[in-house]
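Common to both upcoming complexes is subunit A, partnered first by subunit B, then by subunit C.
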Partner chain A sequence: MAPWMSSGLIYASGLALTAGSVTLLYIVTRTFNFAVASLATIGFYVTYTGVALFGGLPYQYYPAVVIVGAILGAICYYGLNKHLLRRQAAEITLMMSTLGYDLVLLSFIQMYADFLTHSYRLFPRRVTMNIYDFELFGEKAAVIILPIIAVVFLTGLHIFLKKTKFGVAMRATIENPVLAGASGINSDRIYLVSWIISGGMAALGGSFMAMAMTGTPVMGMYAIPLMFAGAILGGLGSLYGGILGGFVIGMTEYAGVFALSQRFGPWVLGYRMGIPLLLMVITLLVFPRGLAGIPLFKLLGSLVGKKRGASA
Partner chain B sequence: MLKVKNLNSGYGKLQVLYDLNIQVPDKGLTVVVGPNGAGKTTLLCSIMGIARVFSGEVLFEGSSIVGELTHNLAKKGISYVPQMGNVFAELTVMDNLHMAGYMLSKEEAKDKAAQMTEIFPVLKKFIHRKAGTLSGGERRMLAIAMGLMKNPKLMLLDELSTDLAPIIAERVMMEVSRMRDELGITILMVEQMAKRALEIGDTAYLLVSGEVRYTGKADDLLHEPELCSMYLGIKPVTGKEENFGLSVPEEGSEDS
Partner chain C sequence: MITVNSLGNKLKNSIYFREILISAIIIALLLFLFIRSGLPIILTIFIEFAVFAIITMSLNLEVGYTGISQFGRVAAVIVGAFAVGSIPGRLMAMLMGLPYGVEYASDTVNFTVVPQINELLVNSWLLSLGFLLMCVILAGVFGAAIGWLISRPAIRLKEAYLGISLLAFGDFFMWVGHNWKGLVGGSVPVYVPDPFRIFAVDRFTVIVLFIFVVAFLVYLYLNKLTKSPFGRNLRMVRDNDVSAAAAGINVVRVRTQSLVIGSALAAIAGGLYVIYTGTVAAIGFTRLTFTFWPWAFMMLGGIGSNIGMLLGVFLLTILRTMIVIFRSQWFGFLLNVGIDPLWLEFTLMGAVIIIVILFLPHGLVPERVEPMLSANRVRKIMARRQ
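Showing the complex of A and B:
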């Protein structure tokens, strides 16, 4: 596999998870979560701490990554979001509150990086995580393992939302919070679980991305425009659209940079972020509802619906 | 069962209801009528913890429920069927029923859903269809079935006849009447189809600009010429019961 394609696949899998995290939280709580940036960075640092201090492979620390992300998501909900939602705060207020939380987390990340340097003589400010990877079928294992983990995680999420009572209650609350409350569904619990899932997804996405890009304390800050772009490209109203949007943005960045640098030279690298953002703008001009609004996806959705209806 | 005492409430800083006093007796059908913007929906929203209560009391079975969260009120046995958005359009009819019975155990919810499809046979046909694809009348039936799923002690019904063809609205009213007579449920119904609501109701309140203008027997309000013509836009009943000229078709026939 060409290097741009393998790196792109790893990076896009991570971006799909982070864009999915942004979308999930937006559709459930109306909160555009800036803290996804630092949550992604923390995901990387949990993996790095594991391999640097205890050895082994990055993958074995992913459960810890999800748990840490989930806990930090829950803290943000209990500390900030819950109170603002109760007061029916405007979307801009909800968004800016997560920016504040992100800056707090970023400060802790910087302190933690210093702590690793002073206490363990590590160099955590520029880390290439793929040196800890191994080869599988002649490729970096991450190229095969990470998309599989992403698909398993998202399949689990899909089953949770479609088949479990709590998952259906979550979809009901997303659609109509007043009726959900009147039905006895505790929206507080729904919001909390969405923060937990979203936090876990963001941290896991960050640890994926660090396998393709340099891990730094500001790597999340660097990638956040693309995380948001993925969510917006997906149409913001659909979790699956957001995940697909993140993946498309990630792959476009790598494919676009490769194709254009071959044609125009390496200076194109400096504008790498512009390529997927341009794609997002063009897509939204043609399909204002994003990927979820493209007739092809609607058609596929209705075909699946008909098939299910026929079998019912 | 429910007492509202000197209630002042609204949304944000906007006050809609002023010193409202209402009593909903056990196993009765209490009707609240009034012109648009009178605050009828706000009354139900205030009871359900959706609108903001500035002052006053709302007592359910003797204890105050002001400040309670909506899902806790559902647990206490109050069922609310909103005027708009009263079904989950993206969920199937079966999932809607199960969500309405969220507090019940899996077995209880299953039994209750089966019972609802017996009471409302029209739902059986569409049990695996998304609720958003149902017609107006079918949706309203589903909304009532969802309200009943919780084994409620008190049902709050918000303008069930809105946007329905007169003949379907009449069928919905008959279902409401049946819920009181056969299931013994206490009902507080807010309604714009004032004449029919007052005919089936026991107690009535006329709400105008956030204040109560009439309290008494529902049937008696129909004999108040000034109130009927000024606020309800209906002719007062002068002689025998009027025939609406509506024949209600059998359950299961097509509606829109």
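Showing the complex of A and C:
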């Protein structure tokens, strides 16, 4: 596999998880979560700490990553989001509250990096995680393992949402919170679980992304426009749209930069962030409701030649 | 004693009680810092306060009065900084017959060209003044242009979508500046000719005064603007855009105007900041410093109140500086395990945002219902009618 494709695949899986986390939280609690940035970075630092201090492969620390992310998500819900939701705060207020949480987490990450440098003589401010990887079928193992983990994780989430009673309750709350509350669903618990899931997803996504990019304390801060771009590309309406959006954004960044630098020379590499953002702006202009808003069946119907509305 | 008591009561009952109390706290902290560390620290606080006050007030115009979720304030600030960093110096170089093209921004050329321009500026106060005015005007014009340009695709979007698109634009500008070497030197900072060099030793004091005056003028202007019929339009669009449209207000136009004015002011602040530091380093204009911190200032001050912005910025700037000054005295326990207490700045900002949202949702100085005309004017008009 070409290097841009393998890195792109790893990166895009990570971005898909983080964008999915943003989308899930938005559709359940109306909160546009800035803290995804720091949660992702924390996910990376958990794997790094494990590998650097205790040895082994990065993959064996992923359960710990998910647990830490989930705990941090739950803390944010109990400390902050719960009170604001009860107060029916505006969307911007919810967004800003997570930004405050994100800044606090960021300061802790920076302090933790200082602490690692001082106490263990490590260099946690510039880390390339893929040196801890191994070879599998002539490829870096991450290329094969990470997408599989992502798919397994998302399938688990899908089954949880579609088949379990709690998942049905959750979907009901998403569809119509008032009606769900009237039929005896405890919305408090639904919100808590969605924070836990999205926290775990964000942290896992961050530790994925660190396998393809340089891990720094501001890694999440750097990538957060892309995570948001993925969520917006997916339309902020459905979880699967968000996951797909994140994946598309990640792949476009790598593929687009590769193609353009072949064509115009290596100076394009500096503007790599612009390509996915441009994609997002174009999507917003053409389909203001994102990928999920594209009327696929209508388009198909018009291709086949049926009359409008008859295809449903 | 009686007079003190009655004065206290008067203060307590005054509608400006909060403002007076916070100002008293600010003055007390400033005095404390002045006694402990001397004048230079006070001047540094003043200059940071003035720059961020302009940026925060412009943000308040867009967020507090118009209801645009502006998460890309840094874009306008960057454009102002780039305009000042790249154009006036080039013009001077062109007039003096020095290299002014793409090579102006390369570090080896820039290093020699800018001192020559400075030499010229030192000798003529008229030229210095003209140069300064040109900087401010250029920053304003480019800021307004970029505000208009950004508003084109983004203005019809709704809350979260709009905020994220603006955030993406802000980041994009920073990366352009960082990578395009011909503009402001890319990763190697480019020098800015210094119109204040003429004041020699007092340069710093004069700059502080100048930016302070600009901030005050911006405050007066925004106060007038938000009380004018245009300000009413802004608030109507913010509170309910559907009813505003029904009342005959062109919502898209009003929001665009607000974005243009806000961006122009923020760009002027960016330009002044660059003149003060003397260099333009694109990587220094991060989303954190120039978007998120103004948001924190604004939330502390009280969204939708101009005087609140000034107080919020002042208070937080002082607290931030105190962390920097007293980091070894107060936070020695962190230094012992190798942690730099400077990171506490982030903790402070985050904690301020969280505490304000949870316990002070309207900020230190909540937005007031302001009458269009003063009571005296109304009385006079009534008297004339009778």
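Miscellaneous remarks
Here, the second predicted complex is superposed on the first by the 294 of 312 C-alpha atoms of A that agree within 3 Å, B and C clash if a C-alpha of one lies under 4 Å from a C-alpha of the other, contacts with A are read in each partner's own complex, and residues count from 1 in each chain.
In this section, a contact is a pair of C-beta atoms (placed from the backbone, for glycine too) under 8 Å apart; a residue touches a chain by one contact, two chains touch by 3 or more.
Keep in mind the model is a prediction, meaning the values are calculated, not measured.
By the document's definition of touching, of the two partners only subunit B reaches A:165; subunit C does not. After superposition on the shared chain, subunit A has more residues touched by C, the comparison being subunit B against subunit C. Once the two complexes are laid over each other on the shared chain, residue contacts for A:175 go to subunit B alone; subunit C is not touched.
Of the two partner chains placed around the shared chain by superposition, subunit C is the only one that A:84 touches, whereas subunit B remains out of contact.
Contacts of A:185 after superposition on the shared chain: subunit B is touched, whereas subunit C is not. Within the superposed three-chain model, A:54 lies out of touch with both subunit B and subunit C [touch as defined at top]. Contacts of A:95 after superposition on the shared chain: subunit C is touched, whereas subunit B is not. Counting contacts as defined above, no subunit A residue meets subunit B in one complex and subunit C in the other.
Residue ranges on subunit A touching subunit C, taken from their complex, read 26, 32, 79-80, 83-84, 89, 91-93, 95-97, 99-108, 110-111, 114-115, 117-119, 221, 225, 228-229, 232, 236, 267, 270-271, 273-274, 277, 280-281, 284-285, 288. Across the complex, subunit A is touched by residues 63, 69, 153, 156-157, 159-161, 163-165, 167-169, 171-172, 175-176, 178-179, 287-288, 292, 295-296, 299, 334, 337-340, 343-347, 349-354, 357-358, 361 of subunit C. Contacts from subunit B toward subunit A in the complex involve residues 48, 50, 69-71, 73-75, 79-80, 82, 85-91, 95, 98-100, 102-103, 106, 128-129, 146, 150. Residue ranges on subunit A touching subunit B, taken from their complex, read 165, 168-169, 171-172, 175-176, 178-188, 309, 312.
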